[in-house]
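Chain nomenclature is as follows: A, B, C, D and E, assigned in order of appearance, with residue numbering initiated at 1 for each chain independently.
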Amino acid sequence: MLRLEGLKASYGSIMAVKGIDIHIPEGKIVALLGSNGAGKTSTLKAISGVLPVDQGRIEFKGESLLNLKPEKIAQKGIVQSPEGRQIFVSLTVAENLRVGAFNERRKDIIQKRLKFVYDIFPRLLERQNQVAGTLSGGEQQMLAIGRALMANPEVLLLDEPSLGLAPLIVKDIFSIIERLNQQGVTILIVEQNALQTLKIADYAYVLETGRVIMQGKGSDLLQDERVIEAYLGGNKS
Amino acid sequence: MQLLKRKPLQYSLFGIIAIILPMLLNAKGSTYTLLASIGIISIAALGFNILLGYSGQISLGHGAFMGMGAYMSAYLVARMELPFIVGLVMAAIVPLLVGFVLGLIALRLEGHYLAIATLGFAVVIEEIFAEFSDFTGGWSGTKAGFPVIFGYKFSKESVYVLVILVLVGLMIATYNFMKSSTGRALIAMKKSEHAAQAMGVSLFKYKLLAFSLSTMYAGIAGSLYIHFFRFCEPKLWGIALSLDLLASVVIGGIGTIGGAVVGVAFLKLLPTFLQGLPILGDIDGLAFVLTGVSIIIFIMFYPKGLINIPNDIYVRFMKRGKEGGKDGIRVED
Amino acid sequence: MTLFFQNIVGGMQSASMYGLAALGLVLIYKTTGVINFAQGELGMFHAFVAAALLAAGVPVGLAVLVTLLIAGAVGFLIEWGIMRHAIKIDALGKMIMTMGLVMVAQGLAPMLFGNNPLYFPKLLGGDPIMILGISILPNTLLIITITLTIMGILFYILQKTRWGLAIRVTAENVNTARLMGIPTQKVSLVIWMMGTVLGALAAIMVAPLTTVNVSMMADIHLKSFISAVLGGFATFYGPVVGAFIIGMLNNIIGFYISSKWATAILYFFILIVLVLKPTGLFGKKFIKKV
Amino acid sequence: ATEPTNPEPSKSGSEVTPTAEPAKEEVSQGVTDTEILIGNSAATSGAFAPIGLPFIHGIEAYLESVNSAGGIDGRKIKFIHYDDEFDPATTAQYLEKLLYEDKVFSIVGHFGSPCIAATLMDLEDSGVPAVYFAGGVADLYSTDDPDRTIYPVQPIYSYEGKIMSAYAINYFKAKKVAIIYTNNEAGINTYEGIKEQLATYPDITIVAEESVSPGLTDATAQVLKVKEAAPEVLIIPSLSAELAPVLKTMEQQGLIGVPVVTTYSNVSSVFVDSNYNEASNVMENLYGLSWVDLESNPKVWDEFVANMTKLGYQDELNAYSATGWIAGSFFTEGVRRVADNGQVLNFKNYMDALESAPIQNPFGGSINFADGMRTGTQQMVLSKVDVNSPSKWVSVTGFFGIDDLK
Amino acid sequence: MASVLKIDNLSISFGGLKAVDNLSFEIEDKMIYGLIGPNGAGKTTVFNCITKFYTPNQGSVKFKTIEDKVVELMDYKVHEIVNLGLVRTFQNVELIKDLSIIDNLLIGAHSQYKSTVIAQAFMLKKARNEEKLMREKAMNILKDLGLEDKAEEIAGSQPYGVLKNVELARTLMSDPKLIIIDEPAAGLNETETEALAIMIRKIRDTYHCAILMVEHDMGLVMNTCERICAINFGKKLAEGTPDEIKKNKDVQEAYLGKEDDIA
């Protein structure tokens, strides 16, 4: 479905992604792990077209995404819930969600998606007319995910979706991701919560300073000594 | 070489070159006039940069403060026959006090709201300059002579030297306190008001400080202006001058000390340069259009300010050197 | 009392033009964060276009239409040729770039259209209508109607339509807006075109009150900026209300207090209002949550 | 008024300081066997371009007429011009350049009141004669200093104001006068002249004095005030940018039928062309002073048009280019007289020549610089709008000064 | 007062929403105290009330200052709080990205500078010495936290984890009695979170200050906090030791989920 080959991308003189190959098969959940500054977010940014690619290829259904504007990529169905939430702080919750479905004109479809999002995050329904900037941290995170869902993505890019969420909701989030996946959405997820992520991921890549240092089935990596030591902490079951 | 990395030394060196070079080259009188006017406006721009570059506020009324300094100085020196030094000091203090009071009132405002409030102030002041002709000469203008300090009568060239000395002195002083806790507080305030407050920075106090300091610089510049050009009238201190200060600072490099000077020099020299171009310069009005075009182009290519050109060249050719701050704010330069 | 209202009505005409220019200003500001300093001078340039067309024998209506089309094209060029490539430049830098545009417009106008002031007529002729002893020109009514209509349309577009949402979102965070599939470049292209057209329209309506000359828009532009600040940049009705306050107050002060000090008093009044309402009459201050 | 505390002349380029009286009869700076170099600094871009450019072009056109006829005494006149964008600091810089680096023989057509005022001291210090000032600064006209090298031609603001009053009282026989003036340097200075003169007449009342701010578009308050006061004559010494909206507001508010007197700079066909349609009723009663009479000198006018056209400035046949032409002619007259006397062309002889006899303005009237007289134009004619005449104005009086109008 | 912070009946509402509702708790000297609760429970709002970014509708917040004086925080302005010895970090790191890390620390010491603008402009001896002292202090703190080799790096170029630590280091510049930190582990992986836990304990032990922390990472909370207060809808749900909280049914239901899910 989505394939990155030899991808290199940089911020000015700082190279953040140093040639990675990643394959995201249709209908699967692929995870990107790695410590701070490994280049995970940069990879997502490159896919979405906000970080210019120096070298390499990004293909979606066999078609190159390079040189496409971010909005075009989003319109193709590759939608991101970005790092740092990036919600529109001066708009209301409902408006934020409406933006997510910008390219959908039919009112009934929008309503259906809205209902879907409100079902997942009842808190957003409660706050639909609150200005988004005044939401609590976790509420903002819900909004960011909800907004991405409103686009009805084919490929959903999630950058640390569980960040700032309460434990109960975190559990929910992972089950929602699985549910979405079962409905046919392909998912690329970046997470610090390696344990939970690997549990649901079909396949995972581990990045380190812009390179892939390990990859494998989610369940395999969960057993890998090095992964346990580096990302799951010493005392993990 | 290492020594040259120290900014105050760089500024001093700049000052020495600015003074010596015209002498060595046996510069013409008009060159001195040009350089002096760059130097004088630079002083005001330096102050303006404290306000805009370090505390993030826009004023469209700084021309009026420069005028206040000029009239104050002209009145005290030319009319009351007090020593020039007294005029210069009062030209610094009076705008500072007025700026302080205006700041007390207006600093609740931000962005273009503050810009318009200060603009309104400037319009009222211009009206007052025009009306109180006993003090300002009204529309007939006011006159003053070259300064006299301890019996030494300045000539055009020596006023220029004085201008450069004041400019360099202020550059160094500005650098020093921008590097100190005050400067860091201002920068913190510009970047994140919340963090600044949580660290104990009183927003109001520091906004007021930046505002009144910058009006003081404007006042000093005004005093030097009147004692170099020896004439001024109310129109001079209007919105055009304030906009020039704003443009200079942005073009030269926001939040940099050298940028203020570079920006002013750029805006002053550009028309002269373009008018002097063969053929193009002879077409009526074209130089003016090209000045506009150049401003657009230079900002496009040097959004962080012309002051960064040497650094950029250095980076390009040496393939090293640090990238500047991400959005153009650097404490140095 | 008649005189009082006559002053008010007189002020409404200019006020509408401040308002119209302010709408263009606010529109561009809301989407791009840029205060377009060239708003007035671009308008002036287009007034020259209209006057030149008229002088060349084009009928008034057609001249206006063609001019507005040209204004749209100029807006397109500014966005497409300049602003689009200035993504890395902050709003302040762009503001200075528009100051460069001022010089271009001011320099080009006399080069292309000569140094003489030109004539352009009212859009609507006709003798003053008397209402309760107050005389109003049909043209004044037309101008007021145009301004209020455009204000209403803009308000509707911004608050009620999908594209309005796109505009607001672009204004807030271009990069995220693009991530959400919003064609922000198209948005800002359209906005610059609309803004420039509004400026041109304002200038075309100013022309018959004075002449078409290089400095015809200087005062209007300044007043439109002040109107926007007085009314607050947050809404579209704010600036128009601000414009009407300024236009009318200017005459009331001029008539009842002093025409000499009218400007100073007006500014002083605005200073006071701003101190009491730091984001303008209808402004909202957005508080960032920590 | 304030006086300079330090009359020290500039020392810059002291070795090249031009001397007013060379020991032997040598030519002064800027003069060679084949050329006389003159120059000025004037705003020819930005908001002042519409005034500055035609003015400069008028000077060029006149000099072209002289040069193409072989120049004077074998010398052609070369004119250089710098664009100071109306910034006095830049004017100062260019003036210095002209005086000490380009070494011009004369500054001709120094431009813009604030720019003139800011550089007048430098100019006087230099000893270089300066002919024609495009601005009405009062300092140009002091008569207490006979050695002055300053030769103003255009009328002074306050003097023009006085003539306006004199005409208002004598021609219109008005007892009730209203004034609308622009709140800027030119406006206030003229306004003061108007008031000063009106005060000399018994039983005249000023029924309204209103001010408009530069660049306005609406003068309702001012016009209604004046309308209320019902004056017999209305004096508006504003430039076209302010006069136009005032007249149009008058039309709108029905203040019609009161004669309006305005300044000479509006007396041009361009002003009428660009405004008549929107204010025809008011403009039927619009009078303007002028110190040139383009109509009654068809020969001069034709020559002016021919030379302007030759240089490609045919679109700029307006009051500003005409004054440029006059500036050129006043300067050249001095050179001619020196040549006619067979004298060496230096500052002293040139200034003596200028002062030797009144100088004729090609478009009518004359100015006498004798004995330190520095009064600029003293006699002005009253014209009235007439859309049927080619220049859109016809004169309704002859040339009169204040004393003639007593 | 044995405790360093005592909150009584604190309430604030936004429109109709009671974000904090009659909340009371207190923190003893040198204690690491956790404030937990579901998203939107009002934790950040409590922080904002304590540090005066918000003005509560009612309630009192007593604080024992550096000089062991008990003051009512409601009487102070935002920027004065830090002088009393109470300093915070932010949920979204608020560092000055363009400045070096050490400069960011020096901003943290802002309230301790005593020399005037004039002294600073002319680099008088007093100002120079003061600056030198502060730099030394900042270096020491960076050393304590293992960040000394990053001192001159520009903050913006550093990874998130480092920035989190820098923000902590910055709080120490003001000699705090109480540091309040909002979600310090957000965005950190589990290994990094463990390092953070060590860091927090070390700060408490080295600098003898109390720490009030909001955090959703239960591993961190349960391992470091000595006492925990759980809130929901702005009201207190339970208070006690980590074990007590873990076992509390209300807390489990509202926030934690079943006990075996808790790490």
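What we mean here is this: a contact is a pair of C-beta atoms (placed from the backbone, for glycine too) under 8 Å apart; a residue touches a chain by one contact, two chains touch by 3 or more.
None of these values were measured; they are calculated from a predicted model.
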| item | value |
| --- | --- |
| Chain-contact steps, minimal, separating chain D from chain B | 1 |
| Chain of greatest Cα-centre distance to chain B | A |
| A-C against C-D, pair bridged by the larger set of C-beta contacts | C-D |
| Whole-Å gap between the CA centroids of chain C and chain E | 48 |
| Distance between the centres, which are taken as Cα means, of chain C and chain B, whole angstrom | 31 |
| Separation of chain B from chain E, taking each centre as the mean of its C-alpha atoms, in whole Å | 41 |
| Multi-partner residues of chain D (each touching 2 or more other chains) | 45-46, 49, 53, 183 |
| In chain C, residues with contacts to at least two other chains | 103, 106-107, 110, 263, 288-290 |
| Residues of chain E whose C-beta touches two or more other chains | 44, 53, 90-92, 94 |
| Residues of chain B touching chain C in the complex | 52, 58, 105-106, 108-110, 112-113, 115-117, 119-121, 123-124, 127-128, 194, 239, 243, 246-247, 250-251, 254, 283-286, 288-289, 291-296, 299-300, 303, 327-328 |
| Residue ranges of chain C in contact with chain A within the complex | 162, 165-166, 168-169, 172-173, 175-185, 286-289 |
| Residue ranges of chain D in contact with chain B within the complex | 1-8, 10-13, 44-46, 49, 53, 82-83, 85, 88-90, 92-94, 96-97, 100-101, 114, 117-121, 137-139, 183-185, 188-189 |
| Chain C-facing residues of chain A, complex | 48-50, 69-71, 74-75, 79-80, 82, 86-91, 95, 98-100, 102-103, 105, 131, 133-135, 147, 151 |
| Residue numbers on chain D that touch chain C, as the complex places them | 45-47, 49-50, 53-54, 183, 210-218, 220-222, 224-225, 228, 240-241, 244-245, 248-249, 252-254, 270-271, 273-275, 277-278, 315-316, 318, 320 |
